[in-house]
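Note that the chains take the letters A, B, C and D in the order they are written out, and that residue 1 is the start of every chain.
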Amino acid sequence: MTDHTLAMFVLPEELAIDTGVARKVVAAFIRGQLRQAGFERAVLGLSGGIDSGLVAYLVAEAIGAERLLCVLMPYRTSSPASRADAEEVVRRLGCASELVDISPMVDGYFGADGVAGAGGPEALEAPALRRGNLMARIRMAVLYDRSVTWRGLVVGTGNKTESLIGYTTLFGDSACAFNPIGDLYKSQVRQLAVAIGVPEAIIRKAPSADLWPGQTDESEAGFSYPELDRLLFWRIDKRRSIDEVVAKGFDRAMVERVDRMVAGAEFKRQVPPIAKLGPRTAGVDYLYPRRRPGSARS
Amino acid sequence: MTDHTLAMFVLPEELAIDTGVARKVVAAFIRGQLRQAGFERAVLGLSGGIDSGLVAYLVAEAIGAERLLCVLMPYRTSSPASRADAEEVVRRLGCASELVDISPMVDGYFGADGVAGAGGPEALEAPALRRGNLMARIRMAVLYDRSVTWRGLVVGTGNKTESLIGYTTLFGDSACAFNPIGDLYKSQVRQLAVAIGVPEAIIRKAPSADLWPGQTDESEAGFSYPELDRLLFWRIDKRRSIDEVVAKGFDRAMVERVDRMVAGAEFKRQVPPIAKLGPRTAGVDYLYPRRRPGSARS
Amino acid sequence: MQPLRIALAQLAPRLGDLEANLARHGALLGEARAGGAGLVVFPELGLTGYLLQDLAAEVSMRLDDPRLASLAAETAVLSAVVSFVEESADHRLFIAAALLEDGELRHVHRKVHLPTYGLFDERRFFAPGDMLRAVPSRLGVGVGLAVCEDFWHLSTPQLLALDGAQILVNVSSSPGRDLAATNEVGLGTAASWRTLMRTYAQLTTSFVVFCNRVGVDESFSFWGGSEVIGPTGALVAGAPLFEEGLFYADVDLADVRRERITLPLLRDERPELVAREWRRLIAERAGLAADATAEAGAVDGFDVAADVQRAGGGRG
Amino acid sequence: MQPLRIALAQLAPRLGDLEANLARHGALLGEARAGGAGLVVFPELGLTGYLLQDLAAEVSMRLDDPRLASLAAETAVLSAVVSFVEESADHRLFIAAALLEDGELRHVHRKVHLPTYGLFDERRFFAPGDMLRAVPSRLGVGVGLAVCEDFWHLSTPQLLALDGAQILVNVSSSPGRDLAATNEVGLGTAASWRTLMRTYAQLTTSFVVFCNRVGVDESFSFWGGSEVIGPTGALVAGAPLFEEGLFYADVDLADVRRERITLPLLRDERPELVAREWRRLIAERAGLAADATAEAGAVDGFDVAADVQRAGGGRG
C-alpha cells in the first residue's frame, strides 16, 4: 500500500477520486434537488470547518454564490478562529451571511453562571456531549427558520466517515433537505476541497466538533481519518471481512471497534420505524420518490 | 356508506380496527424496539392532546408506567387547559413527568416584549407558523436531552393522517426513535384511545396544534378528520383513483387538494437524499436493519 | 391409527443472531422430544430472523456447515423442519427449509416464490429455488416443504401432493397488517392465510402444517397463529396470535387414506392436460403461438374449444 | 456506402411527468429530423423517468394508448426508439422500449433482465419480459432492442445478433457511481459499460448504439456518455458525460458486411451446442440430471469430456 501524499494531507491511494467528475455530479445533484422542490436558493450552517466550507463552495459553483446564505451560529465558548475561517469563506465566495449567536437559547435551557435554565438545576452540570447535542439541534432549528426567510433549502454538510461511525447528532447536524457530500469520506472531502479552492487554513487544521477548547475528532476517536477512511472503504464499499482487513494490516481491535460504531449508528441513517398496522404504510409499502409532479412548492 | 358513530366521535365504518389486536401488536412493537436498542425506558412529549396521550397509555401498557417519562413542554402562551389534560394523564398513569418551560429558548431566538433575540429584529414579527415550527424543534431538542438523563428512547406520537398530509414539523414533532401510532388514522387513534381508557375530555376536544388561541386542525384545514381519514384510506390504502373516490361522493376539489398535500409532504417521510458517488451508499446499496447484533447500546 | 404429535415452534428469532437462534432451536427440539413430538416445525428463517437485507450474506450457511450438522444431530428418532439462509457453491443465497431426521439433513427446499412487492423485497437479497419436490420421511408418509409465499401460488401444494406429499409443511414469516379488515381475527393477513390453508388441505386431501413466527423485525410484527389442518380441511389445532411458544397438535395420519378414498380429488387430477396448457401458455408468452385467449376480444377466447380457436388464429 | 445518421437523444426526463416528457420527445424528433437523422434513440424510461417506485402504475400506458400513437405519428421516414412503462392486458407493468417507424409502433421489447440488487429494485415494481427478438426495420437492417441491464447478460447481444440484428440498440438509465475507481473516465460505471459495449460490437460484428440518460432522480445522477460503436469494436462517436443534448453519429451500415466477411464469428457460432448445454444446465439445476461440473471437486468437472463425466456419474 502506497499513500498518495499531497502537501496538505494524506490521501490514501484507493480513495482518490476524479474531482472534475465529482464536481459535475454534485452540481447537477444540487440543481436537480432545488428544481424538483421548486426552490432557487440554498442555506447552510457554516462552522469554519472543512465540510461546511466545501459545501458552500459546491453550492456556489452549482447555483451561484448570490443564491447561497451561510449562517454562522457560534455559541459563546465557540472558537473565534473557527468564526474567522467561516468569515473568510463568505468573503471569498461573496455570498450572503448571517450571524446568529445561539447562546441565549442554549443557556436558556442549561442555565448559566450558576442560575438554572428551563432544564432545571441538574442541567447546569450537563457534560459537553449533552451540550454539544443540544447545540447541534438548536442550530438545526435556527437554520430551518432561516430557510423560511431566505426561501432556500437547507443543504447538509455531513461526510460519509462521520455518518458511518455515527459521529453526528440525530436531527441536528445531520438534518437537511439534501446532502451533496454524504457519500464522500473525509479524505475525499479534503481532496475535493483542494480542487475547488477552499482556503488552505481550513483544509490544514485538525477537524473538530468544537465541543471544548482543543478538542479534535482524531484525538477523541483515537485514530486518524486516512486510517479510518481506508478501513471503512475496505469493510463497507469493498465488502472485505474482518479477517480480510486484518490481513491487509489493520489492527483487529480497531476493526472491531469501528464495526460496532457502524452497527450502533444504523438508526441514525434511517427514518424511525412505524408499527405496521394498516394496508399501506409510508416507507414500507407506500413508496414514492421524494419529489413527483405536484410535490414541488408552488 | 354508513358511519359507525360512537358517543364521543364519528368512526367511519371502513376504518374500524380490532383494538385488542392493535394493542397486542403495538405492545410487542414497543418492547421489541426497546430491547433491540438495549433500552428499558421510554420518554415522550405530552401535549395534552389525544395522540401523545394515547401513546403514553400504550407505552405504559407495554412496559409499565414506571418506565415512562412524560415531558410537558409548554410555551408561555400555550393553553393552560392542555397542560391540565396532560397532568391528568400523568396522574392516572402514575408515570414520571417533568415540566420544561421552553419560553426562554424560544424567546431567546424570536425576542420578546419588543427586544430582539438571537434571530434579530425581523424575528420579532415572525408569524405563528414559523414560531410553531421552531417550538416543535426546540421541544425535540429538549426531549432528546431528557432521553439521556432518563436513559430512555424517545417515542413518536404522530398519527398517519398528519404524516400523510404533512401536518408535522420535520425534525420537530416527527422526530423520534420509533412511532407506535404512525400507521393509525386520527379516527383510529380515537377508537384506540377509547378502548385503552384515555380521559374522555382529551378524546372529546377538538385537535389543535395550539399555535394560537382557539386554533383547531379542522377549522384550519377546512375538512373534518373522519372525512379526511376516509379519503386517505380509499386513495392510499385502497388505491382508488381520483375519479373513483369522486364517484364515491368525495368533492373533487378536496381530493385534488389533499393529493397535492400528500405529494408535497413526501420529503418529510424520507431521509434526505445523499448524492450517490461511491461504490456503496447508506440507504441506497448499503442496507441493514436498524438494529443488528452489535448495534444495541451496551 | 397412526398417531403423530406435531410441535409448532412459534418463536421470535433474534435478527441476525445465528448463534442465539441455533441455541434456541436446540433447546426447543429437546423440549418437544420430551413432550412426545415426532415432528417439530420451526418458522421461515427461524435461525436468522426475516428482515436481514445485507445481513443475509453474513448469516448464510453452506449445507455442509458444522452448525447445521450439530443441529441435525439433535434429531435422533425425530423429524424437524428448520429454516435458514443457504449459500450455494456459486454464491447464490437462498431462503431454505430443511428436513432433519435421525441426525441427518434429509432434504432442502429452496423458496421458489420470492415476494418482491409491497412490504416484501426478497428478490433483492435472495435467489429463487428451482425445484418443488416431495420427500419420503421417517414418519412413513411423504412430506412437501414450502416457504411462506410458495403457498400464494396454487401450483405449489398441488405439485407437492401429486409428488407424494401427505403432509404439506409451510414455514412462514408473515407480517401482520391490514388491521382494518373486518373478519373474525381482526387481521387481514391472518384471515387470508386461514382461508387458503383450509382450501389446500381439502383439495390436496393432505395435512397442512403451518408454522408462522412471532416477534418484531423493524416495523413488522409477525402474527404467529400457526396451525395444523386435517385432510378434510378442518382445523386440528392452532396456536394463538402473537404469542411465543411450543404448541402441540395430535393427528392420526390414517386420516389421509380415509379422506382420499372418500374424496378422490388427487386420483382425478389431469397432469397431462394441465402440463399441456402450461406449455401452451409459455409458448404464447414467448410469442411462439397465437394467443388462444384472444386478449383483445376475450369472450371468444374463453368460450370456444382450444382447437377451434387455434384454427381461427386468435389475435395473431 | 449505406450512410445513416444516428441521433442520440441524451435527455434528462422529468420524473413521473409523462406529458412533459412526451412533448420533449416530440420536439427532439423534429430537431433530429431537421438534423438529417434516420434513427433517433431515446434513453430507458425517457418518457417517465427512472426511479418511479409506486408511480410506475400511474404513468403506465397500454400499447394502444393514443399518446403513443401521437408520438409514433411523428416518425414519418424516420426510425425512433422510445422507452416507457407498458401495462399489459393482465396488468403487469413492463419497462418497454419500442421501435417507431413511419408513423407506426413496429416492435416492443420488454426488459428481460430486471436488476434487483444494490441500488436497483426493479423487480419490486415491474414484471420481466419473456422475449428477445430482432426485428426488421426500414433502415434495411435488423434491429435488436435491449434495455440497460439486458446487456449485463452475455446471451442478450448474442441472441439478438443471431436473430438477425445488425444494429444492437441499448437504452439505459445508468446511475453514476464508484467515483474512486481509477480509470480514464473517473467513474467506475462508465468504464464498465464502455468495455462491454466494445466487446459486444466486436463479437457480434454489429453496430452498438447506447443511449444513456442524464439528470438526477433522488440520489442518482445519470451519467450520459451515450455512444455508437462500429462492428470492429471501435468508437464512432460519443456524447459527453452528464450533458443533456442531441448528439449525432454518422455510420456506414456497409461496415457490418465488411466486418462479418473479415471476422466471421457469427458464422462460426454453435447454436446447437450452446442450446444443448443450456438444457443440461437447466436439467441439472432442476435436479433432473447429475451435476457434470462436480460441484464438490470441481477440477474433474472442468477437465474431462462431458460423456466421460456423465458416465462417472458426477456428484450424484
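The rule is simple: a contact is a pair of C-beta atoms (placed from the backbone, for glycine too) under 8 Å apart; a residue touches a chain by one contact, two chains touch by 3 or more.
These numbers were taken from a predicted model, which means no experiment stands behind them.
Student: B-D versus B-C: which interface comes out with more C-beta contact pairs?
Tutor: B-C
Student: On a C-alpha centroid basis, what's the spacing between chain C and chain D, in Å?
Tutor: Chain centroid spacing, chain C to chain D, equals 37 Å.
Student: Chain A to chain B: how many Å between their CA centres?
Tutor: The separation of the two C-alpha centroids amounts to 27 Å.
Student: Counting only Cα atoms for the centres, state how far chain B is from chain D in Å.
Tutor: Centre-to-centre distance between chain B and chain D: 47 Å.
Student: Find the geometric centre of each of chain B and chain C from their Cα atoms only, then give the gap between the two centres in Å, rounded to an integer.
Tutor: Measuring from centre to centre gives 39 Å for this pair.
Student: Counting only residues that touch at least 2 other chains, which ones in chain C make the list?
Tutor: In chain C, the residues touching two or more other chains are 176, 179-180, 218, 221.
Student: Pull out every residue in chain B that's touching 2 or more other chains.
Tutor: Residue numbers touching two or more other chains: 17, 22, 25, 29, 33, 237, 273-281, 283, 286, 288-293.
Student: Chain contact graph: line, ring, star, complete or other?
Tutor: complete
Student: Per the contact definition, I'd like the list of chain A residues that touch chain D in the complex.
Tutor: Touch residues, chain A against chain D: 14-18, 20-22, 24-25, 28-29, 31-33, 36, 188, 233, 237, 286-293.
Student: For the complex, give me every residue of chain D touching chain A.
Tutor: Going through chain D, the ones touching chain A are 14-17, 51-55, 176, 179-180, 182, 185-187, 214-219, 221, 223, 241-242.
Student: Please name which positions on chain B make contact with chain A in the complex.
Tutor: Residues 17, 22, 25-26, 29, 33, 37, 98, 100-105, 107-109, 117-120, 122-123, 126, 130, 133-134, 137-138, 140-142, 144-145, 148-149, 156, 160, 163-164, 170-172, 175-185, 236-239, 259-260, 263-264, 266-267, 269-283, 286, 288-297.
Student: Which bits of chain B are touching chain D when the two form their complex?
Tutor: 273-281, 283-285
Student: So in the complex, the part of chain C that touches chain A is made up of which residues?
Tutor: Per the stated touch rule, the residues are 118-119, 175-181, 188, 218-221.
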